[in-house]
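Below you'll find a set of structures to go through.
Here chain A shows up in two complexes: once beside chain B, once beside chain C.
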Partner chain A sequence: MLGNYLKIAIAVLLRRKFLTFVNLFGATLTLTVLVVAYAVFDSTVRPGGAQHRQDNILLVNRLRLTNTQFDRNWGAFIGPAFYERYIATLETPDRISYMTLPNSATSYLDGRKLTSMLRRTDAEYWEILDFDVIEGRVLSADDVELGRMVAVINVATADSRFPDEPAIGRKLVVGRESFEVVGVVANEPETSRLAFADIWVPITTAPRRADAWLGEGQVMLYLEDPGRMQLAKDEYQTAVAAFEPVSEPAVFDAATSRAWTALELYAAQMVAPYLEEDIFASTDLIGEFIAAAIVVALLFMALPAVNMANLSIGRILERAPEIGLRKAAGASTSVLIGQFIFENVVLCAFGGLLAFALAPIVLGILNDTVYTYGRLSMSIPVFAAGFAFVVIFGVISGAYPAWKMARLQPAACLRGLNHA
Partner chain B sequence: MLNHALKLVWNRRRANFLVVVEIAAAFVVTFVLLALAVNLWSNFRRPLGFEFQNIWSVAVSADEAGMGSFPFGDDEISDTLADVTARLRALARVQAVEPIAMPPFVNFVWDTRLGADADNLVSVNINRTTSAGLQAIGVSLVEGRWFSAEDEGQDYRAALVNRAFVERVFGTDASVIGRQISFPDPSAPLQQVPQWQATEAQRAVRVIGVVEDFRQWGEFVETRPYALQLHEDVDARGASFNLLLKVTPGTDAGFEEDVIAAVESVAAGWTAAVTPWQQLRAQTHASTLLPIKIASTLAVFFIALVVMGLIGVLWQDVVRRTQEIGLRRALGADAGTVRRQIQLEMLVLGLFGILIGAAVAIQFPLLEIIEDVDWAAALPALVLAALLIVSLVLLGAQYPSWLASRREPADALRYE
Partner chain C sequence: MSEPIVALVDVQKVYRTDRMETVALQSVTLRIASGEFVAIMGPSGCGKSTLLNVLGLIDQPSDGEVVFAGRSMRGLGDAELAPIRNRELGFVFQSFHLIPDLRVVDNVELPLLYRRCSAHERRERAREALGIVGLDSRVDHFPTELSGGQQQRVAVARAMVGKPRLLLADEPTGNLDSHMSDEIMTLLEGLNSQQGTTIVMVTHDQAKADRTQRIIRLFDGQLIH
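For the complex of A and B:
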């Protein structure tokens, strides 16, 4: 039965090649854009590579300190004093890492201006993230403890700084500082927010102001058992709530900060500004984010779906005699509708196949132009999302024509009077 | 003829409904993109208010790892900053070195509420620099005077405002020079903050002049009410500072290294980063234009899709109406008349679509759904979008109407 349907579907599609082309063009365009958008989203919340244990990691990357008396707020990243007192002491996480965001650092080499992203990390950072070490080693606990001037660099930096010789043991000048290269790791894309950098050095190489409550640091909490995430979040909230007023350098008496999963952080960043939600305090915006994403995707599909429906209605009316005949011969409306929806899904599936072929090309272009060390690619979740898009698009674009088809009068059809 | 087309379209309204919806949707998409484009273009054409060639941004940080960059420092830091400035001024290719709280083309935002009186405050963007700084970057004064030595350490803080500020806060007729625009509350409990901060909080802001403009975020961002305050010694606290450097024309990137070396020679443990304003501008332009480029590429594909879809629908329509067309030909209508009929019908459909689309599109400016757009651009965008859609609809009608006109009356009548 399905085989026959497929034969009929292909025969119908081949009968009007221009219309089929227009439909395929629309379906392919829409599905390609949706698949690419999903791949970009996926690469942020499930970055893979060094961050393949993302599901075990909570991130603390914002801190707001408040003076409740004057109603004044200072928002920034995590300072060393806050880290030592309120985060390093947490008991639920199995590992805790403190590192800076990647900062741009400029060096001048033979008149060339080189800009690299420099991240200062502790030793735990290298335990939680699983970098692909190409040469040498990563930073050790000793390096960090003793504040050794050593650096791990990525392949891109090794290629640009030391093009012809091994990088290990070479002197690397970054700004005013100079480090000995001890390791080379694979490039990590900028979509991997925790792993991305060009150069990694021990956090202790910076004379840090241990008394700073706000700073440029962020913290990873690592849990062997992802089931304990909520426990860790709750423990952190308790710690933050117990913030004791400090009077240096200014008066703070309350802190607001959250431990986020990658998806929570992404969702909050996307929707909080529109909902006027407090980005420091809210973590549970995932529902709102998904709702917003569905609305945007549906709106995006609307125009090509209407286009496709228009052409489908034309096609149905063209086949009215066939439909009338089958109705007159006793075929139930639901069978006819099923056949039509099937044809529509076949068309969308072809569009989906083309989209799966085109999306990697678009992702490749984005990798080369938009994202530093971009690694966007088609993964199983992206394919799965793509199939979901195909089905949704097929149903949206097929529903209205199918309804019209069900209302065709067999007698009128046979007579050739189709006033749709 | 038009009446006739209207009647035909109306009689087939159920069949035409979805086509009208499609045209309306295409119209809305086109309108939104054109409104953005018109908005960007009108922003781009307005004067920037300052020059960016041969101006470099020097970001100086007293806290080298950036781990404790907290906005409070001490007197020692401001002394060192003075040494840094003096050392940079001594460099051969440097024409001016002045402090600026925030360099342009960077995503720094500092806003506060200022106004003509305490009950009518509006959100105003602030920056701080000196007269010499403003003159070095070619800001032009249209009224009042520049900052002068008499403004330092007064119980007020001197400010130069832009025209948009004057219009927004005072309207067009009032004289603004000497007006107070901030209203500190003398009863605010400030005993717990450092003395200099308490003093600062009690200083009112006073307008001493009007400048043409200073569009901090570059040409693509709309003009906002803006107040340039005098940068005073008391502001040289904190862990990081921005300087603007005017260099002689033709100075290349190699000189950046000399600037950094000069900073480090007088300020041990400090770091400096040098970026030409031109480069900052290029970066901000690239990031503004990227989403626009992606959206327009997609829009072009979608519009092409709509045109092809219309051709397809109309073609099927013409095939289905073979008898009707044949009858008209048999009764003496020539090919041109049939062709015009199909085109006119399509035009009527297009106008219906545009009407519905416009009813939807006009909601955006009314509801201010997309906030960052100045909807003054809405009307030209509406007209442009309507023209574009009408021409696309007519383009889509070309082939099917030609097809219809080629129907032989005999063939058509034999159809049954």
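For the complex of A and C:
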């Protein structure tokens, strides 16, 4: 039956080539945008590369301290004191890493101003993330403990700073600090939130106050068994709830913070502001995020879908005899609805194929222009999502015309032809 | 007369628009016996095709009752009528109504698509039907590659491929020359006499009607006795 439908679908597409072109153009454009958007999302929550063990990692990157008496809040990233007292002591995670966000650092080379992203890390960072070491080594526990002025740089930095000679052992001046390069690792893209940087140096090289509760740090909790994620989250909540009042930098007597999976964090960042949710306290906004993403995607599909539906309805008269004939031959309304939706999905599948051809070009442009060391690509999940978009778009744009066509009375369809 | 395969009881059919009502059938009561070959005659616009459509369950009467194989069709919806049309009825139209984008064999298979039937069985039965109408060498042609008479033979093959008990033909020879008309009539007569298929045929041609067993005459939507 599907073979018969397919033959008809292709024949119908070839009957009116310009109309088909208009429909195909709309479908291709819509599906390309959706596929590219999903590729960006996918690379953020499942970055791969050094973060290929993402599913074993929880991230703590926000902390709010509250003075409950005066209802005064101070929110920021994690300070060293809070880390040492409430996070480093957690027992459920197998590894815990404390590191900063990548910060912009400027230096000059041969009169050229170079801007790099510098991240300060502990030694555990290199155990949890799995960098591709090109030369030398990564930061060791001794480097961190002794506060050695050593650095690991990525390939791009090595190429730009030391184009004609090996980078290992060379001096690297960043701002007012000078580091010895001990390792070169592969570039990690900007979408890999935990791994991305140009230069990594020991966290102990930073001028910092060890007693600061708030700071610019974030923490990775690594669990060999992802099934223990909830246990780790609960333990962290217990630790946060046990926060003891502090007087520096002001009087605070309560703390709010969460340990997130990558998807939870992404979802919270995307929807919490619109839902007026407290992003420090939100736990699971994945459902809301998915609902919002579906609504946005459907709205995005709506206009081209209405256009396609309109063009399809315009062809009802052309297909009336076939509809009458099929009904006379025993096709029920529901079977015909299925056939016409299938035909529309076929059209959208052609649009999908073109979108799959176009999307890598768009992703390449984004990799080159928008995302530093971008690694956006057409992965299997992106293809799967693209396939789902094809089906959904096909059904949405085909449902109403199909319903309208299939409900025609067979005698009316046939009478419309021969006027007997 | 044997048991009727289809009967109409006081059937009316009225087409209504915002401005006017057109009575197409008025108090029509008739029985078509199983195995009969019946011609419906009458002037243009008298309701012949409407009567055929009501008999073929592709149009609903405004009033009255259609009884098919002893079962009242009153109140049945599309989902219940579709399998009856599929298994019990075959249609041949004046303008053939072949799907131009499908090969001859695919056109003939059409009714079998809507019942449990493997692709292999569909193909075999379609080829067999095309053999009966003498077109077994044209299975892979497209309808536009055939003459009018050959196209109508394909339409007859499509109507009979599902082995229906009742075949309804709406001026099946209306678009054909006398030689091809004769071929189609011979085919229909063969179906009726050899396979026992009941046939109701609308025609303007008295000579064709004379080849059937009974003539029903219609004028202004009413039967003339």
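FYI, the second predicted complex is superposed on the first by the 411 of 420 C-alpha atoms of A that agree within 3 Å, B and C clash if a C-alpha of one lies under 4 Å from a C-alpha of the other, contacts with A are read in each partner's own complex, and residues count from 1 in each chain.
Here is the rule we go by: contacts are C-beta pairs under 8 Å (C-beta built on N, C-alpha and C of every residue); 3 or more make two chains touch, one makes a residue touch a chain.
Remember, predicted model here, so these are calculated numbers, not experimental data.
Asks: In the superposed arrangement, does A:Tyr108 touch chain B (first), chain C (second), both or neither?
Replies: Touch partner of A:Tyr108: chain B, not chain C.
Asks: In this superposed model, does chain C or chain B come into contact with more residues of chain A?
Replies: B
Asks: Under the stated touch criterion, which partner chain does A:Pro273 make contact with: chain B (first), chain C (second), both, or neither?
Replies: neither
Asks: Give one of first, second, both or neither to describe whether A:Gly169 is in contact with chain B, with chain C, with both, or with none.
Replies: neither
Asks: Please work out whether A:Gly364 is in contact with chain B alone, chain C alone, both, or neither, and reply first, second, both or neither.
Replies: It touches nothing on chain B or chain C.
Asks: In the superposed arrangement, which partner chain does A:Pro245 touch: chain B (first), chain C (second), both, or neither?
Replies: After superposing on A, A:Pro245 lies clear of both chain B and chain C.
Asks: Looking at A:Gly287 after the superposition, I want to know if it touches chain B, chain C, both of them or none. Which is it: first, second, both, neither?
Replies: neither
Asks: Have a look at where A:Asn307 lands relative to chain B and chain C in the superposition and call it first, second, both or neither.
Replies: In the superposition, A:Asn307 touches chain B alone.
Asks: Please report the chain A residues shared by its interface with chain B and its interface with chain C.
Replies: Chain A residues touching both partners: 418, 420.
Asks: Mind pulling up the chain C residues that touch chain A in the complex?
Replies: 48-50, 53, 56, 58-59, 78-79, 82-83, 85-87, 89, 91, 93-95, 97, 99, 101-102, 106, 109-111, 113-115, 119, 158, 162, 170-171, 202
Asks: Taking the touch rule as given, give the residues of chain A at its contact with chain C in the complex, in rising order.
Replies: Touching chain C: residues 1, 3-4, 7-8, 11-12, 15, 321-322, 324-335, 409-411, 414-415, 417-418, 420 of chain A.
Asks: Inside the complex, what are the residues of chain B that reach chain A?
Replies: Residues in contact with chain A: 14-15, 18-19, 21-22, 25-26, 29, 63-72, 188-189, 192-194, 253-254, 256-257, 264, 269, 271, 273-274, 290, 298, 301-302, 304-306, 308-309, 311-313, 315-317, 319-320, 416.
Asks: Spell out the residues on chain A that touch chain B in their complex, using ranges where they run on.
Replies: Against chain B, chain A makes touches at 18-19, 21-22, 25-26, 29, 33, 69-70, 74, 76, 79-80, 100, 103-104, 106, 108, 111, 113, 120, 175-176, 206-209, 211-217, 249-251, 302-304, 306-311, 313-315, 317-318, 370, 400, 416, 418-420.
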